[in-house]
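There are structures below to look over.
Note that chain A is present in both complexes that follow, paired respectively with chain B and with chain C.
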Partner chain A sequence: MSGPHIDWAALSPLIALAAGSIVVLLVGLLRPRFARESLVPLLAFVAFAASLGLVAWQWDDNASIIAGALRVDELSLGLTGLVAIAGMLTVLLSWRGDAPRESAHGEYYAMLLASAAGMAALVQAQNLVSLFLAFELLSIPLYVLCATELRRAPSLESGLKYLVVGSVGSATLLYGLALVYGATGATDFGEISDALGEGSMVGDPLLLTGLALSIVGLAFKASVAPFHQWTPDVYEGAPTAITAFMATATKAAALGVIIRFLDVALIPAEPDWSPVLAVLATVTIVVGNVGAIGQTSIKRILAWSGVAQAGYMLAGVVVASQLGIRAVAFYLAVYLVMNVAAFAVVVARARETGLGDSIESVSGIGATKPLLAWPLTISMLGLAGIPGTAGFIGKFALIDASVSGDFAWLGVVIVLGSAVSLAYYLRVVAAVWMREAPRAVPALAGGSGDVAAEDLPRSGPRPAGWEVTFVAVLCALATIALGVVPGPVFDLAADAGSALTGLF
Partner chain B sequence: MTTSAWLVLALPLAGTLTIALGFKLWPGRAAGWIGTLAILASFVFAAITFFRLMGEDEHHRQATSTLFDYANTVGVDAKVTILVDPLSVLMILVVTGVSMLIHLYSVTYMASDRGIARYFAYLNFFVFSMLLLVLAGNFFLLIVGWAFVGVASYLLISFWYRRKTATAAGVKAFVINVVGDIGLTLGAFFIFKNTGTLDYLGVFAQAGDFGTNDGELVAGLVLLLVGAFAKSAQMPFHTWLADAMEGPTPVSSLIHAATMVTAGVYLIARMWPLFEVTPAAAAVGAVVGAATLLISATIGIAATDIKRVIAWSTMSQIGYMIMAVSSGAYLGGMFHFMTHAFFKALLFMGAGSVIGAMAGAQTMDRMGGFRKALPFTFVTMLIGGLALAGIPPFSGFFSKDEILALVGERGGWHWALYVAGYVGAFLTGIYTFRMIFRVFFGEPVTEARELEQGHLHHAEQHINPTDGEVEDTDVGFPGPEHYIAERERPMQIAMGTLAILASVAGIAYISHVTDFLHEFLHPTFAGSEYFDSLEPSVGFTVFGWVLGTVVGVSGVLVAWLVWVRRPGTSARLQARFPAIHRLLENKWYFDEAIDMVFIRPGAWIGRFAQQTFERLVVNGTLVSGTTMIVRAGSQAVRAAQSGLLRSYAAMLLLGLAAVILYFLIRS
Partner chain C sequence: MLSILIWLPLAVALLAALLPRALAPRFAALGTLGALGLAIYLIADYSAGSGMQHAVDEIWISELGMHYKLGIDGLNLFLVGLTTLAFAAAAVWASFREWDRPRLFYFHLLLGETAVLGAFLTQDLALFVVFFDLMLIPFYFLTGQWGGENRVPATMKMVIYTFVGSLLMLAGAVATGVLAAGDGQTLSFAFSDLQERTLGEGTQQWIFLLFAAAFLVKMPAFPLHGWMPDAYKAMPIEVVAVFSAVLSKVAAYGFLRIVLPIFPDASAHFQDLMLVIGLASILYGSVMAFTTTHARLIVGYSSVAQLGFITLGVFALDPQGAQGAVLQMVNHGLVTVPLFLIIGLLAVRSGGSEDIRDMGGIAFRAPVLASLFLIVALATLAMPGSGNFVGEFMILLGVFETKTVFACIGFTGVALAAVYMLRAFIRMMHNRVGPKVESREVSLRAGLVLVPLVAAILLFAVYPQLALERQEASVVTVVETAQEVAR
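Our next item is the complex of A and B:
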């Protein structure tokens, strides 16, 4: 008996990540400081870059591989590429951070790569089993990564919280998948779709319960309200580089799998799930934007804004059209650069001031640190969707998709949500440019004010490191560039949209 | 051909970014030289574009080029496209050429201002915006350039941002311009709605499909005219232009000669295929142009601030152009645009030199007898004045007469415009030479006498010429030094070049003698109903020349009689006809009328709304309602965010239950 045929070339982006994880883990065992502190991050970076390169190599290839377990097409490749880019930027942000030093370099980067491999597999998954496997491969390293700042209690708390709540989410998803399998008798997305298409399933309670449970499980990962509550706590506690990775790459993976699961496997049941998703999107936009008002920690603001942004992107899924998928894919790309720019500034200021991620840490940097002030400003304006930035084009595409998909009211909700969002985005901008810098910078201070003394970060103020500023400036430039010349990335997103040939 | 046109556009932008990003690095006048060089290079590429265009044969002198696709979604295809044809090439040549000279002039004029780098960054941006506006190949880019020009004018008018009057003038200009932007955008939407494309050429190709005076097209074009009137300071949107004199003098020169105010003229000329099928909209433009040219000329006679006299004259001259391009006299309009750019830039530069000699004072009541003290300024301003007044053989004579001859040739009710044009020409002679006689003739004032001894008067205290407020010369105010063309080489070069151009530019088109401009512009206006067919006979042309000369010279004579021969006449006239004088001095009460018709009722409604409607409905229900809801929501969300795992799990299950219930109930 021989195993299924394996198309190694199509699998290569995923292999690069997984193999990189193993290599990094092994190199991390070497004794010299140089090997652990420089070689390991470098290798991790190379692994992500290799994966990105292989994505580009495989771009036009559309294939179902490993007996249909995974699907390689422009959508999954594009999202894998986004994960790889997010990984590269995360490596740069982590390089001289506390987390890898406290938890051991090899393990830290190995888990980062393993989680990325999970994300790549998740967006390619075309089978309930591979979907769940990839889901867990993504989640478990992330639980650990959240807790890697071992000497900071909030980090540990965030890891534990994520683990517990995440397990509930995983269990929900697994239960849902099992019921879907039970109702249709198939694990392959195509076969599920065929079974549903016969029509006998309409109104089957078993299927509908399974549908509900699996949507909730996936929505949980994408931090869709009301399953979002872990997001602010976990984002705030986790090391900032990991938060950036979670905010961007996890979101891309989760939305990718939602798109594929709903728009391929469950497309015959579209009239059933699209109203639910539309309501969830609305709730998410409202809750995310309302929750972000009045926060004092930038990471928490970004977490809540991430919830709201997930709602915007869900609107592109609701319409179940190629236009919608294109809009989501494009938005994920611009969301990545806008968010990483902001997180890079948070990393830099946390290192420089010792004020943690409080909004105080960026007060008045407009006068002294233009290379951090401008990226943060551009990022905030971009997230708010101001014309001239990538966020505007992204939101425009989403609204365009929802209007053409007969969900015009959802477009209105997006606009209203964006209006409310200015309340907190502009607060950050105002702090940057209009407030005085805090006069005496305390050598040691807590993250968000109410942390006990023993939770304080170990290291006092120190230089941010050129790589962090570089990431911030690069992402800010990309935000502007994609706002002025969106064409190339928009075309890639259009390719991703047309990958799902069953849609219009 | 299009490559060099893209470079024309790119260089001023590069100049802006270089100056703005490195503003701390550029010492002294370096920023000025960078800005000047950027525009000079842009001018060189404009010239290259011109020669390439001439190298093509007649039928290929129209090219579009797309840099990239900005947004291509369902139904809308917004591309970054430029259109290179004779009309846009004429515009970019004049815009870059005159702007370059204004930059050169500014290098010394603004040398002692601490904000010199900011100044040149804005100035380059202004030129870039204007070039974007004229090179745009579709409505999308036109709107972007249009809005950029508005922003740039705001930044430059309120350049001395610590002068209250300057910031107020900037705000006024910006608000009126935004009204115009709305008109333009809505107008473009009307046209897009009916043609389904944003590209000029695509729209023009469909112009024939519209019936004569098609309702929606008339609406769209009238809205476009609102945009054109606001940008070109035509009635009733003209009030910002005189206040815009608060900016530094070279800025006035730039706004009036090369950029901004001619945008409306360009827009109407560019849209000729649409205006020719909707005579109703074209008539609106022609009548408003004629009215503006008359009214602002009368105000120019009463204004006492030297820069404002020139500002009112700009409005009047733009009125000629608007009237021309709306009446089918495209050639005359564009010709006058070109010559006006030369002599108006020159006049403002001369005024800047005089203001320098007066240590910042601008009122003509305190000026006089500068002829000997400022010989260079006197000669160049005299040339500018002769061109403006339409005295042969200076350039303004030929272009103005070309407009009037073509308008007269149109016949019908356009005869009224013809007459208005000659009345305006008479008034132009009066106000132009009133200014020149009052500044350069008569008894020399103290400043002029000191200058004759070689001492440039220097004010102890700088006074805002508008409201007498004392200024310090720190950043945000004019610099402490003053400059006059007699002593500064760059100012002399700029003014000398313009003086030559203002004298001889008329040869570009002399009816029945030279035909260059007509032939050059022909490809743009091929197929026009009027461009070729309006051909005044030799007799009518010569009649126009004689009439124009007589009218212009008699205007100058009247000015001479009133302000030189019998200096008291003007005061006596004021005493005899106090009502007319008050009317003119108060600029026909336009500000007051706008205040009465729009601002007061607006403010009254606003107050009513604020005191009753807003307090009860808006504040009471909507705002506090919304903020209350948002705040309560925020509180609820944050209360739910307890940090306790069990509550999170509970919430997750609750949400899950809701979703399952929905599915089950639905099935």
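Our next item is the complex of A and C:
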């Protein structure tokens, strides 16, 4: 018996990540300091860049590979590209950070690449088995990565919490997938869709239960309320670079798989899931925005805002149209640059002040650090959806999709959520421009400042590093550029949307 | 041409950011004067009654149907003039003072000008929303960074209040575009397309409410004015002058440009509601302006009342009322800027207090300042012979023809305006000399800003036809449909 035919070219973006992971792990074993501290991050960066390049090379490809286990099309390629970009930025943010040094450089970057490979596989998966395998490949390295600041208790707590909650999510998903298989007798997305299309399965309890459990499992990963409770704690505890990676790349992967699973495999059951998902989106928007008010840690604010943003994007999934997918794909791209800009500033200020990630750490930087103040401001305004930034165009597209899909009320929910979100985004902006820099010693700072106080000797004030500022400024410029000239990226998103030909 | 006008302030602002600190203020002020010159050229060049002029139409984002579409007609011609005049006055006035971080200050001020001009000139609903939302951001920073007491809470309150409205309008705008595009039609947000593609009446009604929320908050109209007192008190005086003179007009303009032509059925349906809001604003604003002792709030509440009048004029759904409303927008802007600037001067003379109880007797050694103030005050209370009188008269005439009862109540507003404005003038300029008051004549450079503004007021007083003739055709077009429905 011979194995299935493998289209190596189509698989290449995924291979670049997986191979990069192994190479980085091996190079990390070398003795010289230079190899571990500079060569390893460089190789990791190159692997991500190579993957991005291969995505561009394969762009027009449209094929099912490895006996239908994976699907390579504009949607999966586009999201793989996003993951690769997020990976490159994360490498830059991690380069001179504490986490790789404490946990060993090789392992840290290898795990990052492995997780990214899992994400790439997840967005390509079009079979229940490959879906679950990819899901676990994504998750397990991330559990470890969250705990890589070994000498900081909150980091360990974050890893453990993510492991426990994530495992519950995975188990739920697996159960759900098994039930879907039981109901339809197929693991391939296309066959599931065919089986459902026959119409004999309307209201089948086995199918509905499977559907519900798998949505719950995926919702855990995308931090959709009410399955989001882990998000703030895990985001806050994890090393900031990893938080940035989780917030952007994981979200892209999770939404990508939700889109493919629902809009390809389960599209005949759309009347069953779309109202449920609409309610989930609404709850998520409300919970995320309300939760973010009153937080004092920027990472927690971003975590809650990430929950809310997941809700906005879910609105694009609800409508199950090419317009919706286009809007989600575009929003994921702009969400990536806006969020990374903010996280880069958090990294920089945490290094410079030793105040951790509390709002205090950015107070008054408008007067002293314009290269950090502007990116943070633009990022916050972008996330709030102010015109002139990419966030506005993203929200516009999402509202456009929901109104076109007869979910006009969901569009109103999105804008009301955005209105609430101003209360916390502008609090950060106000701290940047309208407050004095804190003069208090770091140990007196409240909230997560205490965290920094525990181990001051280690993370005392030091320069932020040019690469962190560079990431912040680059992402801020991209936020503005995508807000003024969204055309090119919008075209790519439109390609991604039209990749799923089963939709109107 | 119009693109140059819109982007000139922003370009100047960016250049000014690169200049040395000492030069930036003058350069920024020059830039606003340049924009004013362009606007004057546009007014001189305008030929009445020939539709959109200097039109620009480029595709911005084709997938979303967004166009970069600009045009000028009788409706926005003088509002553009007013905007450039107000910003030029504010920028020149501001350049007399030392600012902390001046380049940033002028950057925000000029970004504000770009956004306001964009909102007035755009002929595409999506682009309008972009500029409408954008124009708040610089004022958020201007208030929050350079404002007075309690500036941060005040600016937050202002932004959240107005953004709830703006975002609702965003949803309404998208819904309008999407729902109006029928089968096979491409998505478009151009005003001209939306006017042709009529929406169902039920759809019009819920979208109307979203737009009304945005505009009424921005005006501000009673009972959505909650953000106004704190924000006005906290803003630097130059900023509050342009904010009150110009930004509120964008909202009133939005009713005329967008709501009436695109949602005619809903406008007729909600006519009474809007008239009641207008009347309530007039009465509430007048009473508050009469009772408060804070000089800025007197002007602020009088703006509430004036915008109540403008709302009346717009929702009279009658060409005459609308004509009056447009004229009144310009007039009100013209008086608000000098009023606030004069309050700034008086505050300097009364030991820094803006409370009218601490002022008094300032006219004593300052006859020129007193005369300038008197002219402005008389224009504000719509003294016969002033342009404001013509505006209010036409508004009330328009309302009288359609809704007589509302007009009768509206007339009391005219009388109340006389009461609060004269009270303010007398308490500030005459009466017993305040404890810390030091009467002093207006300085030459301050005079150079005030005199042109007063001259503009006088120009519209003696020759309101200048505006009326040019705007007539455009105003009739926007009111037409709604007027037919209402009959």
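Everything below uses one rule, namely that the second predicted complex is superposed on the first by the 488 of 504 C-alpha atoms of A that agree within 3 Å, B and C clash if a C-alpha of one lies under 4 Å from a C-alpha of the other, contacts with A are read in each partner's own complex, and residues count from 1 in each chain.
Convention: a contact is a pair of C-beta atoms (placed from the backbone, for glycine too) under 8 Å apart; a residue touches a chain by one contact, two chains touch by 3 or more.
Bear in mind the structure is a predicted one, so any value in this text is a computation, not a measurement.
After overlaying the two complexes on the shared chain, residue contacts for A:Ala397 are found with chain B and with chain C alike.
Once the two complexes are overlaid on the shared chain, A:Ile325 sits clear of chain B and of chain C alike.
Applying the stated contact rule after C-alpha superposition, one finds that A:Leu131 touches neither chain B nor chain C. When both complexes are overlaid on chain A, the residue A:Ala121 reaches neither chain B nor chain C.
In the superposed model, A:Trp433 lies in contact with chain C only, and not with chain B. Once the two complexes are laid over each other on the shared chain, residue contacts for A:Leu82 go to neither chain B nor chain C. When the two structures are aligned on the shared chain, A:Val415 is found in touch with chain C, with no touch to chain B. In the superposition on chain A, A:Ile215 makes contact with chain B only, while chain C stays out of contact range. In the superposition on chain A, contact of A:Leu381 is made with chain C only, not with chain B. Shared contact residues of chain A, touching chain B in one structure and chain C in the other: 393, 396-397, 400, 404, 486-487, 490.
Within the complex, the chain B residues that touch chain A are 68-74, 630-631, 633-634, 637-638, 640-641, 643, 645, 647-649, 651-652, 654-656, 659-660, 662-664, 666-667.
Those residues of chain C whose C-beta lies close enough to touch chain A in the complex are 61-64, 101, 126, 129-131, 133-134, 137, 140-141, 144-145, 151-152, 155-156, 159-160, 163-164, 167-168, 170-171, 174-175, 177-179, 187, 210. Contacts from chain A toward chain B in the complex involve residues 161, 164-165, 168-169, 172, 202-205, 208-209, 211-213, 215-216, 220, 225-227, 229-230, 232-233, 272, 276, 280, 286-287, 290-291, 293-294, 323, 393, 396-397, 400, 404, 420, 484-487, 490.
By the touch criterion given at the top, residues 326, 366-367, 381, 385-388, 392-393, 395-397, 399-400, 403-404, 408, 411-412, 414-416, 418-419, 422-423, 426-427, 430, 433-435, 486-487, 490-491, 494 of chain A touch chain C in their complex.
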